[in-house]
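Each of the next two complexes has chain A plus one other chain: chain B in the first, chain C in the second.
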Partner chain A sequence: MIKNRRSQVHVSETILVLFVVIVILMMGVVVYFKFSVEKNKDLAEELSEEQATIMLAKAVGLQELSCDGTGCIDTAKFLPFKRVLGEDFDMYRRIFGRKKITITEIYPVPHDSAIDVECDVIKYIQMEYPENCGKWTIYDYNPENELGAKISTIVSLYYPEFDEYRVGRLEIEHYGDIRR
Partner chain B sequence: MKRAQSEVVGLLVIVVILIFMGVIYLGFANLAGNGSLSSQRAGMETENALNALVRVNLEEYDGKTVQDLVVECANRIDCDTLGYALNEVYGAILRPGTDFSFWAKMEEEEIYSVGVCSIGVVSSYVFVRDGNYYELRLRLCNE
Partner chain C sequence: MIKSKKGNTHLLFKWIFGVIAGAIILAFFIKFSYVHLSGESLIEGNRILLTVDNKLDAFGVKEGTDVFDLKGEFNLGFDCGVLSSGTPESNNFFERKTDKIIFTQPKINERYFSVWTKKWEAPYGVSTFYYLKDKNSVILFVGPSSSSEDFVNFVGRIPSNMGIQAVDTTQFNPGDFVSTARQSSKFTVVYFGNPTYDWSTLKSQYGNFGDLEVVVVNLNEHIAEVYDTYGNKEDVFYFGDEMLYGLIFSGSKFSCTKEIAMNRFNLLTRIHLEKVGRIMSKENRPVCVDLLNEARKMLENYQFALTKTELYDLLEKVGRQNLQLEREDCPTVY
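Right, the complex of A and B next:
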């Protein structure tokens, strides 16, 4: 009778230990899963930032924008580039992905009336150009209207119409991950 | 009773060890940051800032470039203008809180230097004018 009771206690002890071990394992799995989901999100953001940084470095050398490989950006190429972009947007979407690329003139400091004014064909053909605007949006694709992170660098801007160099800031806004 | 107590203590020890290992793993996993990416961007910023500086036409100085002002400084004509121009351009283009150091050398002899930046990526630009070899160096640092 006593032996039988001892074995019952043993069995219930074993069951208790197993239960605790299983609970700990399940908690471990849940924590690990949550952690890896977070890590994957961080990784996606990091990859997007890395891709944007590479693009930032390569943008100055892009044939469509650069002044023939001399390390500056030719402002006269912006409008033709925007036209080409409209004609073959799919190709450029595969290259740039979900991003917004803007160039803002920062030196000489633009007049108050030109700050954040987008340059377009109308502004370009006016006598006041380039003092009448201070910003070009080269590319913009954000179909899900996401909030993005911005990275930027200084660039040398060349105005062939006046044979003059100015300074601008190339800014890339990237959205979360590297989906195209 | 004593045996059951020792089993519970053993289980507790295992649980504590598992939790300890988990915490160490999470700590190490979080250590891998993106420091290299930001240092790459800092290097790019310095290189582009110097590249833009040497080309820009300075409206306030009859459309001269910084290269022209460096040559004038080397010829003992005027070094103050170079200093004013550097402060004007970098005051406008650098992000708030970013400081700079700038050096100009002609044939390995330092002709001009300005700034107090001691830590940061250095970028250099070389040009030849009137048979003389000039080297410009820029370092950017955050306050």
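Right, the complex of A and C next:
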């Protein structure tokens, strides 16, 4: 009876030891994975920022938006580009990925009523254009509603309708992800 | 005796338990290592593709030429808008779609490779073309270097680090290049004008060493014949010199990349067409409205042009119309 109990105690001890060992190992694995995921997340963010910086330079020279060979951005191409974007979104998703690209006019300073007002077809056909709006959202793809980091650069905006140059800011909001 | 057997049973039970538990823990760690290693390899494989893609992106902002150092030998593949690393059958094979128009050989296995970027204008900027070549791929131009200025200018625009060799048609002797062909993985002979040796003759000279491709270019007609490594012939036309460089660097892989380029051309034409339409609505000067209207009609035709003749004809017309708009101080197409 006593031996039977002793052997039962031995078995319980073994199970306990194994259980503790497994728990410790599991904790180790969980901590390792957490660090590993964190490291990969940092890497993805680093790569995303690198990509966004390159994109900033690339967007200024992108034939869909730029003036031909003069280093400025042609505002008359924005609305046609948005239309084409709607028709070929997959292609542009491959170019831009998960980002938001906006262009804001900063000089001459827009009227208070035009600040942050999106320029669209309706605004364009009005006589007041380009004084009636001050911002174009060129591209926006953020399917998971992530919080993004922003980088920007100053660009020269050309209005061919009025043969006029203005100063704008090209801003790219990127979402810490290199997926497309 | 019975007690001893009971003791043995306990011991046996402990061993069985220990072995099973040990096996489960071991299996868990093997699985863990496998997941970890394949995860690391996935990151590394994708990282090299992303690095190449980003480097090309950064380099393509302006026209230029350079030699890229990948800091290691990678099996890079370029197939019609898709970048890949590794061998297709292995576990470490990764692919990434790219928006760039890259004219190159199908595989680059070298640590260093040459890159040349050139803007394609038709007549407005359409895209940046990338030409890639490693030193194992040899391109030999055979043309009238003493009599054709077009040929000399065409060859002269290629940067020296792309490693193109050129020889005059009258002096071309296939036997002189056997040792060069022996050291190459791909050997492309590009004839400008009538070929002095046909594909089968060249195949008998160079075919044993690597892939042989022959391109016969007609600069006046903007057409070419491409013979792949099996001798299959394909007739193609190119739209602009930039595309002809593409044909030379990509050989038999040209048609697919050309299609991507033409899709992009179509897209840019649509943008310019709509831009002209919008500008017209803001324009009051009748001269400008008339000129813009003509430009719009040309772009409409340009958008749907398919043949070489139509494309070259409209290319010239749109260019001239833009110049006319500029002269009249009107808003221009591009």
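Just so it is clear, the second predicted complex is superposed on the first by the 144 of 180 C-alpha atoms of A that agree within 3 Å, B and C clash if a C-alpha of one lies under 4 Å from a C-alpha of the other, contacts with A are read in each partner's own complex, and residues count from 1 in each chain.
The rule we apply is simple: a contact is a pair of C-beta atoms (placed from the backbone, for glycine too) under 8 Å apart; a residue touches a chain by one contact, two chains touch by 3 or more.
Note that the structure is a prediction, hence the values are computed from the model and not measured.
*Asks:* Quick check on the superposed pair: does A:66 touch chain B, chain C, both, or neither? Answer first, second, both or neither.
*Replies:* Once the two structures are laid over each other on A, A:66 reaches chain C alone.
*Asks:* What is the contact status of A:29 with respect to chain B (first) and chain C (second): first, second, both, or neither?
*Replies:* In the superposed model, A:29 contacts chain C only, not chain B.
*Asks:* Considering only the touch criterion stated at the top, classify A:107 as touching first (chain B), second (chain C), both, or neither.
*Replies:* A:107: touches chain B, not chain C.
*Asks:* Is A:155 touching the first partner chain B, the second partner chain C, both, or neither of them?
*Replies:* A:155 contacts chain B only, not chain C.
*Asks:* On the A-aligned overlay, A:13 touches which partner chain: chain B = first, chain C = second, or both, or neither?
*Replies:* A:13: touches chain B, not chain C.
*Asks:* Using the touch criterion from the header, give the chain among chain B and chain C with more contacted residues in chain A.
*Replies:* C
*Asks:* Touching A:95 in the superposition: chain B (first), chain C (second), both, neither?
*Replies:* Second partner only.
*Asks:* Tell me the contact category for A:166 with respect to chain B and chain C: first, second, both or neither.
*Replies:* Only chain B; A:166 stays clear of chain C.
*Asks:* Of the partners chain B and chain C, which touch A:50 in the superposed model: first, second, both, neither?
*Replies:* both
*Asks:* Do chain B and chain C touch any of the same residues on chain A, and if so, which?
*Replies:* Touching chain B and chain C on chain A: residues 50, 57.
*Asks:* Name, in rising order, each residue of chain A that touches chain B in their complex.
*Replies:* Touching chain B: residues 13, 17, 20, 24, 28, 31, 35, 39, 46, 49-50, 53, 56-57, 60, 71-72, 106-109, 151, 153-156, 158, 164-167, 169 of chain A.
*Asks:* If we count contacts the way the header does, which residues on chain B are in touch with chain A in the complex?
*Replies:* For this pair, the touching residues of chain B are 4, 7, 11, 15, 18, 22, 26, 29, 34, 37, 40-41, 44-45, 48-49, 51-53, 55-57, 59, 63, 65, 89, 92-93.
*Asks:* Which bits of chain A are touching chain C when the two form their complex?
*Replies:* 3-4, 7, 10-11, 14-15, 18, 21-22, 25, 29, 36, 40, 43, 47, 50-51, 54-55, 57-58, 61, 63-64, 66, 68-69, 74, 76-77, 79-81, 83-84, 88, 91, 94-95, 124-125, 129, 160-161, 163, 178, 180
*Asks:* Okay, in this complex, where on chain C does chain A touch?
*Replies:* The contact residues of chain C facing chain A are 3, 6-7, 10, 13-14, 17-18, 21, 25, 28, 32, 36, 39, 43, 47, 50, 54, 57-58, 60-62, 97-99, 121, 124-127, 267-268, 270-275, 278-279, 281-283, 331-332, 334.
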